[in-house]
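Heads up, the next two complexes both have subunit A, just with different partners, subunit B and then subunit C.
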Partner chain A sequence: MSATFERGLNALREQIDAPVASFFTSCVNCGLCAEACIFYRATEDPKYIPIKKLDLMRRVWSREFTLFGWIAGALGLVKPVTDKDFSDWETLVYDSCTMCGRCTLVCPVGNDITMMIRKMREGMSAAGHAPVELIAAAGRHADLGSPMGELHPALHAQVKHAIKDTGIEIEFDKPGVDYMVILSAQEIAEFPDVLGAMAKIFKKAGLTWTISNEAFEATNVGIQLGNRDVARVLVQRVVDAAEKLGVKYVISPECGHAYQALRWEGPNLIGRSYKFEVIHIIELLDKLRAEGKLKTKGKNTQKLTFHDPCQINRRGGINGEPRRLMNMVAENFVETDDAGTMNWCCGGGGGVGSNERAEGLRHAAFKLKKIQLEKVEPEVIVTMCAYCHHTLDNVLEEFNMDQEVMGLTELVAEYLDDDV
Partner chain B sequence: MNNQAFDLLMWARGPAFDIALMIFAGGIVLRIVEIFVLGRKKDLAPAKGNPVAQGLKTIFSRSVPREGLVKFAPITYIGGYIFHIGFFIAFFFFAPHIALFTDAFGVSWPSTGRVIVESATALALLALIALIYSRFTDPVRKALTTFDDYLVLVLSGLPLLTGYIAVNKLFGDPTMMMAFHILSVEALMIAFPFTKLMHAFSFAISRYYNGAIQGRKGAES
Partner chain C sequence: MSNKAMLPELMKTHGISRRAFMKYCASLASVMALSPAMVPRIAEALENARRPSVIWLSFQECTGCTESILRSHSPTIEDLIFNAISLDYHHTLQAASGHAAEAAREQAMKENYGKYILVVDGSIPIKDPGYSCIAGISNLDMLKETAAGAAAIVSVGTCAAYGGIGHADPNPTGAVGVSEIIKDKPIINVPGCPPIPVVMTGVLAHFLTFGIPDLDELGRPKAFYGESIHDRCYRRPFYDKGMFAENFDDEGARGGWCLYKLGCKGPITKSACATIKWNNGVSFPIEAGHPCLGCTEPDFWDNGGFYKPLSVPAGDYRKAGVAAVAGGAAIGVASALMSKAKKAKAAKAHETVDAHDLEKSS
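Up next, the complex of A and B:
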């Protein structure tokens, strides 16, 4: 079905539930969300006040879901929402929000503004007002298996490299194993070393695992675009493959929104719970550490800091795990200001990174991360999201900063104790 | 005795109050029903934390700002605290107000001294002026402000101001001032369900949802 204004408005109406109504009823226009927002803080432009990005949805709620608004609408006292409004809001909802979730944690009346942006994108995309890059990526993902297109050959090549590097066999489509590994396109294309790292760690820990040829892609552009139909199809692929193989766990990789998609939205998208558990790679590593199955030797002596991916920590609840692992392998681990739950976003999440139109804004938004990094002056920034890794690599280059960025799984794998 | 003032006072305390109370209570029930009637789909993702416990906790914990944020909007944060606390003290701990609750519902609680009540009232009024000022001058507040915001600020201030004048017999006819005081409260009650004043009730719902959504994921709120 093609995108139309009517479809957009209907999709938006469908998103309005009790939490949304309570949030809009409670908003006192205090503007305290502004100070939490990376885009407002970097630009100080009031149009980036998070709650203002939801004005369109608020108008639909007020006019159609409250008695007084409905009366005012019937009397012609309030303007109806038009296609132009959708068009006007597109850049606010897609370019100036990474759905990082900081505003949600500071709102004094408890409004989950980020969740509402996610919901508003459902209406925007149905109305045909979404960035072309995300729409194109959704098409590639649906037709070719990944937002970057056909990645089978690349994945097989990377697996061969990993087997050669580590001497450990990695088998595709092996039934009866406990774990199924999925990867983000970014890892396959840009950071494939994570494969060898996982192979080494899992072998030491005695885990049985496989990769499915039918579903190896973890990312879900449907979540960023705000299209439940696309998101559902992509989650269903992973679920079908995992249930066919009969694995006990699917490992969500170092990718922020992939974790959000598979772990938290997935069961709601497909309308049932899974026959397996979803565990994030860093959760798994920390579990193995606690069980004594992950042993390391020696420590990195460089000055390391940690960048929290928003969807994995603030909106995913994985906060202590990476820090326990960091302390296991890092001698000089220094936290930045606001580290942990309130860490600043890299600026590339929520589809902003692939949106060319947003490049200038994304670079401006790096200001907050830059201030954090300049204070600590780390040699290496460790993270647990390949897209944060990619974004940081690019902005560090842009700003002539010479820090190295590294994935936590790889870092841990470097210090595996070979003697045990 | 000024008959006109006395009649107005009697009207304000009698029929006017009944009408205001009906709009206030009926309107609030309607607005709360409007929220819950929309419902919420059952979340099928297995919970990592305890959504109910964290939802309830967040109703209280969100009263405290996150570290380091107050300096970015000091008038809004500090003015907001002083106004809310001041209004609360003046409303709930002034002996004549408690007597009204006792008459209506048979409940009572200890009152606080005049000095505290009057200081709270004066501070709340000053805080309101600061909040209005920030809505005119601060770019963020200015960009968000609508007619509703000014109306609510004025309507919240009038009961404090008229009450202070009436109790201290600062000027005008005291009976008339008391009538104005009660009428200003009634104006506030009538506006309540139609404006953002609703947050005084709905904040508990929205904070609960916020905490429950985050808590389910084992994330902080």
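Up next, the complex of A and C:
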């Protein structure tokens, strides 16, 4: 089987429900979402107004699900949607939206524009109009277990390194432990220090944990594609592994859409609730801090700022936790403008980062982040998403900015109190 | 009785000085919003006016309009003007009764045919003319008969002008105003429940001096009904600031704030109440702390509750609203069912997407 226009149109029809109908009818064209969107703000091109990116879905809705649409359609007054429309909209839906959720938050009538983009991607992906990089990543993820391909050897090598560095044993597939750790491919490939950091913190706190060989990959390319069938298969792998091991918690790593996939979309995708709880690594660290199981000594003296990943803060609700942890280990912690739930996106989320076609737009969108950073002039940018980390590293280099980027878990692990 | 003494002689017999008369003419000019240059013309016209015959017919009414005109702070110069006209028939005020009264009307009509002024207060029942009769003659017949020889008709009060309270829903008598029946005579509407005394006398004076005044689309003299009460209300600054009394005993009511939220109809009511006021210029309803009822407007009785703010829809709108909601709901349910069926069909047609199905076969 392959993707076809008919499948895409059918998928779009499936997505149109009462919230979509009420969102389209209640839009007052106020333009606030435009001002909230990094891509519109960076380019001021009206085609990047968030609600306008949904025009194709709006057309399907009004043509096929409204009284006036039926009448106008019967009279031949509205054009039917064609495959050309799908290909015209592909760049708007995939290249110029990181699903950061800022538009949803500012909408005065409460329209969840981000959720509608997610729905529209269902149609686009089923019609074969997803970016080629995401399609290829989906194939690798399905066949080889990770969007980057076969990562088993790399993971095992990194774990060995971590054991050597810390002297702490890390066991695979150990049943009966409380926590199962999953990782983003980005961490395994690019930021493996997080493994040793977690091992040290968990040992101090007395947590029992393991990594599953069957499902260590936390990312979910199905969510970025906006295809629930693909996303379901990938979530199911993690759920099966966790339930087989009988863990109480699965720790979602420092990765934005992985948290979105497992914590919020997962149970809806597989159609039931989990037999375990999903907890984000930063949520867990803050919980340990509150329980007195996370003790640090000394503080970082550099000027640090924090970058809030959209999927974890704005769309995930984790806002106070990283700040409490930052204040624990940072002497000179400064916030940027709009920090917290209204933070500007790094520009790489929602599949935009891996999309080569979108590079120019991604760099343009960094403008807003750059203004934020230039105002504060931090030495180090701390974040809690490996993909934000990756994107920031790349754009900082592109713009010749010399800030360092690091993960919050690593930062906290550096200041663990070894005497306790 | 009519067409006898001229005004100057009457003034002498009533001990009124020339100065007092000119002062009256000036105040009349200001009340009617005429230029001061018109004062001598008013004086001249009044001096030379012959006492026209006036026939006053009262139909379905409460005598409030008559009571009002009697209270034009008598004795004043307005009283004189009423002496200056010849009120030949007014069944509440005249001394004659029974056959003699009707004979007076018939005689006045005969002697001044085509020249007399007909003043009407009260509405006319047309569902069954027998609902209201005088001397065995139905109101409808008496109006038609008397109007035939009138030079002009002045409809005094909202009942005569627009049907008023008699016309209020469900209107059991089929009450209507004069202009619904008489189509071939000039009609001046002087609505109000009752109208301000000086407005009634002022309109008559205008008619005597300059003929029919400028009328608005509802047949009201623009001089007295040109502006809304709201535009001239001394509480307007509170409205502009958004300070409203919400209750009759709250801080706002005591502080004299705007009564809009207590149902004041001032914004849609055209009348001179806020400027000329009542009881010799002492006060008017809003100044006394009560919202305007809107009595100079047609159907004011059916215009929602007196204490409901204007923003609350009233009357037929409500029924129409309910019908529209019901109709809309029916269409909505029908389209929702169709949409649901369409969505279900789409769900049924769903073919699970495999990670390898994402590319188009070209």
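General observations
We adopt the following convention: the second predicted complex is superposed on the first by the 420 of 420 C-alpha atoms of A that agree within 3 Å, B and C clash if a C-alpha of one lies under 4 Å from a C-alpha of the other, contacts with A are read in each partner's own complex, and residues count from 1 in each chain.
One rule holds in what follows: contacts are C-beta pairs under 8 Å (C-beta built on N, C-alpha and C of every residue); 3 or more make two chains touch, one makes a residue touch a chain.
In this text, all values refer to a predicted model and were calculated from it rather than measured experimentally.
After superposition on subunit A, the partners subunit B and subunit C collide with one another. Of the two partners subunit B and subunit C, it is B that touches the larger number of subunit A residues. When the two structures are aligned on the shared chain, A:16 is found in touch with subunit B and with subunit C. Of the two partner chains placed by the overlay, neither subunit B nor subunit C lies in contact with A:395. In the superposition on chain A, A:282 makes contact with neither subunit B nor subunit C. By the touch criterion defined above, A:135 lies against subunit C but remains apart from subunit B after alignment on the C-alpha atoms of chain A.
In the superposed model, A:65 makes contact with both subunit B and subunit C. Legend: residue contacts after superposition of the two complexes on their common chain; A:207 is shown touching neither subunit B nor subunit C.
With both structures placed on the common chain, the touch criterion links A:125 to subunit C but leaves subunit B unconnected.
Of the two partner chains, neither subunit B nor subunit C is touched by A:368. Within the superposed three-chain model, A:345 lies out of touch with both subunit B and subunit C [touch as defined at top].
Superposing the two complexes on chain A places one of the subunit C stretches 62-70, 206-214 or 260-268 into subunit B: stretch 260-268.
When the two complexes are superposed on chain A, the residues of subunit A that touch both subunit B and subunit C are 16-17, 21, 65-67. Interface of subunit C with subunit A (complex): residues 331, 335, 338-339, 342-343, 345-347, 349-361. Subunit A meets subunit B in the complex at residues 16-23, 25-32, 34-36, 40, 44, 46-47, 49, 51-52, 65-68, 104-112, 115, 263-268, 271-273, 277, 313-319, 338, 341-342.
Subunit A meets subunit C in the complex at residues 1-4, 7, 10-11, 13-14, 16-17, 21, 64-67, 70, 125-128, 130, 134-135, 138-139, 141-143, 221-222, 225, 227, 229-230, 233.
Here subunit B touches subunit A in the complex through residues 30-31, 34-41, 43-46, 48-49, 58-59, 62-63, 65-66, 68-69, 72-73, 76-77, 80, 138-146, 148-149, 194, 196, 198-199, 202-203, 205-211, 213-214, 217-221, going by the rule given at the top.
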